[in-house]
Amino acid sequence: MTIAQRSEITATLDPDNLAGSDAKICQAARVSTLGSAAAESGEASGLINYLMRDRHGSPFEHGQLSFLVEAPIFVAREFMRHRAGWSYNETSGRYRELVPVFYIPDRKRPLVQEGKPGAYTFVDGTHEQYGITRWEHEQAYRTAWSSYQRMLKAGVAKEIARDVLPVGLFTSFYATCNPRSLMHFLSLRTRVPSATFPSFPQQEIEKVAQDMEEAFAEHFPLTYIAYTNNGRVCP
Amino acid sequence: MTIAQRSEITATLDPDNLAGSDAKICQAARVSTLGSAAAESGEASGLINYLMRDRHGSPFEHGQLSFLVEAPIFVAREFMRHRAGWSYNETSGRYRELVPVFYIPDRKRPLVQEGKPGAYTFVDGTHEQYGITRWEHEQAYRTAWSSYQRMLKAGVAKEIARDVLPVGLFTSFYATCNPRSLMHFLSLRTRVPSATFPSFPQQEIEKVAQDMEEAFAEHFPLTYIAYTNNGRVCP
Amino acid sequence: MTIAQRSEITATLDPDNLAGSDAKICQAARVSTLGSAAAESGEASGLINYLMRDRHGSPFEHGQLSFLVEAPIFVAREFMRHRAGWSYNETSGRYRELVPVFYIPDRKRPLVQEGKPGAYTFVDGTHEQYGITRWEHEQAYRTAWSSYQRMLKAGVAKEIARDVLPVGLFTSFYATCNPRSLMHFLSLRTRVPSATFPSFPQQEIEKVAQDMEEAFAEHFPLTYIAYTNNGRVCP
Amino acid sequence: MTIAQRSEITATLDPDNLAGSDAKICQAARVSTLGSAAAESGEASGLINYLMRDRHGSPFEHGQLSFLVEAPIFVAREFMRHRAGWSYNETSGRYRELVPVFYIPDRKRPLVQEGKPGAYTFVDGTHEQYGITRWEHEQAYRTAWSSYQRMLKAGVAKEIARDVLPVGLFTSFYATCNPRSLMHFLSLRTRVPSATFPSFPQQEIEKVAQDMEEAFAEHFPLTYIAYTNNGRVCP
């Protein structure tokens, strides 16, 4: 029984399903002050900074970014709590036989939490703790996968057999957002000391967020600068 | 005091702020059944028809259409009741001096309603009714605009002076949606005999909807066909 | 032709359509940490303050407040830009003949704006400016109402005749929200020096917000204190 | 190592966090036609049937129902795809040690699917298939729970140790909706032959839906009758 172990969690921008730009955000904002004559001209960075600072959020909704996310189920669960301005399609365990790729934390993942709920700090595990973590993950994953396979072979429906699969199983989903809903996500799912409001995301979802932040910075550079310069507060 | 009269109500697609396609909708749907291997291949029209018919709505959210709408305030009021999957930026009467363009129903607009609330039928007005309608609109519009202008000249704030302006004044707004939220809009704001569910939109917002429907049909042709073939029910 | 002038803008809580409490917010939050054993016990104010400060917003959604708002159309227009967590039903100019109640700013309303768009300051008008404002409002309102009435009498449909009615006309709407969406509204529609983020609402919508804030403070006192103690930032 | 097996999936109405009624829905609808004079009088069932049939959905949003749902993780995953008009708080595997209650399909659950994706039919399993299903579930659940426990004992953080726990583990969440968002849920998550649109929910989430439908029918009886009489189409 071969299963694959994976520690890399990724969000990949779909470059063919992208809309909007800093200029479009400005154009939308200028409809407020110029009406239908609003065009893509004028100084953009000052306007965007003003919108961000004074929380005029609506102009930041007129754009689209889509990502293919590959992450364990427990990350998908946290991700899909984001409702406004987010759309999802995820691999279905009812419609298809799933594939045996499982999440194993790599050696750099701090294993031990200190502090209290809501504000944990994480520190490295001992060599032994890493060993236990890896061993228990592998063993549990293999057992679960074997049970899943045996039930499928016995003719049991996929939607029932999958009960035994762990939340560390990788899933894929296609997620679409706009710059505003993305900033809201980033403000909660990244941990950045300079942020006005502290956040305590689990590191696995933070990896997804970091990939998305990079794509955001590339395609909406002035918006991204204004976001970071204003304390990473979603307008 | 010159004011402009206008009977044309329009939604103009912004061709530079567009994302998605029938193929992308299929790709998003295939993530459910194929996982991250989903690519833009395979027969699209059958898949789209299946999604529409069985109301799998989420794949239709991964696209963007943006429109500049020019319409009277009373149309904007109805329009912005649409919340989910819609983003707006509208000309502000607080931030700018408004421009004197006012809606006058043209000679083809039926003036007289029959039947009961919720299911009105409209029939043509008499020649005299059209004359009265035009005359009263013009007179009221001129009076309101003159009052607005005199208050502005006296130094009264724009946000107060605009109190007197009528809901027939044209406004401009930039509206962004996705194919799913657009279909929901169309199902409520167009009156088509073949639709599974009847709708009774005011004709002025129906004009906006017709422009948007045309852009939708052009950029998402298979989705559009499936929508009309399945009774114009939003999935 | 008798029309009524009104300067009072109000939101009235519907005491018979209310759900939730500080205790329920705590109970919802404790499901996260205690599971189905969560009950309405334990120290509430500390928990609520923690949720507010660290922006755990979701527990604040499990409650309901409904208001009957009576305000000019231009206030309703700003209000209904709030989409997430808000539901509305408003008096329809298509379905009923409207009633002639119009907004006139009272003597305390500052009439003159200074500064630039987005950050206006308002100062009192002169005696003459108040006179002009009142006169122009009355004249424009009367003219509009007369035109509306004459069109109705001539048999023109309500939805057409209302084109001429001004945005200063009073409308009524029933608005339902939850504590979280209400805090978001308040953070944008009130101007309070102690707020972390400045807002510049028009004074007319701020009156509505103040009524709602009072009802909020009464029915969710600990949540309200945490909201104000944490800079009036919506979690 | 003791783990609990459970086949019952439930949604329990919170009777202390309830708002709205058929009468309130009517009152909200009448604001459209009567303005602020709308009161709780008049014939309700005809009005509600009209609203439902002609898809005037907004009046159905002015109420609240909250449920404590106890269901396996895979059900929670499907449930939380519902975004508009839904609020959630779920037991966190980051903040607390989870409890060993696992889902096992009972003997009445059909195990074998026939047909194609999207329109499966389910038929009973053989005695042997039930035996395999039960055995594999138990074995996999025990192994996973043991691994989880050993990692916790070794000092590994809860949020990492839980990777190995299966989607058949029970979770608890508190879910709040309004009559409209509930009807949308029911139309997709129940399978009723008389429905205008067919749905193919997994039976486990249908159990949750059935509990919620019962509570809905009790507290909003006229709305519920109109919903079923109009083909279970969410307005």
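Letters A, B, C and D name the chains as they come in the text, with residue numbers starting at 1 for each one.
As a working rule, contacts are C-beta pairs under 8 Å (C-beta built on N, C-alpha and C of every residue); 3 or more make two chains touch, one makes a residue touch a chain.
Bear in mind the structure is a predicted one, so any value in this text is a computation, not a measurement.
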B-C or C-D, whichever has more C-beta pairs in contact: B-C
Residue-number overlap at the chain A/chain B interface, same or different (half cut): same
Chain A and chain C, separation of their C-alpha mean positions in angstrom: 34
Averaged-CA centre spacing for the pair chain D and chain C, given as whole angstrom: 33
Whole-Å gap separating chain B and chain C, where each centre is the average of the chain's CA atoms: 25
Chain C: positions in contact with at least two other chains: 33, 58, 81, 84, 88, 95-96, 117-118
Footprint of chain A on chain B - complex, ascending: 16-20, 24, 27-29, 31-36, 38, 58-59, 61-64, 66, 68, 70, 87-92, 95-96, 99, 171-174, 176, 178
Residues of chain A defined as touching chain D within the complex: 72-74, 76-77, 80-81, 83-84, 86, 88, 93-96, 103, 105, 109, 111-113, 117-118, 120, 122, 125, 128-129, 132-133, 136-137, 139-141, 143-144, 147-148, 150-151, 154-168, 202
In the complex with chain C, residue positions of chain A that touch it: 33, 50, 54-56, 58, 81, 84, 117-119, 188, 197-200, 233
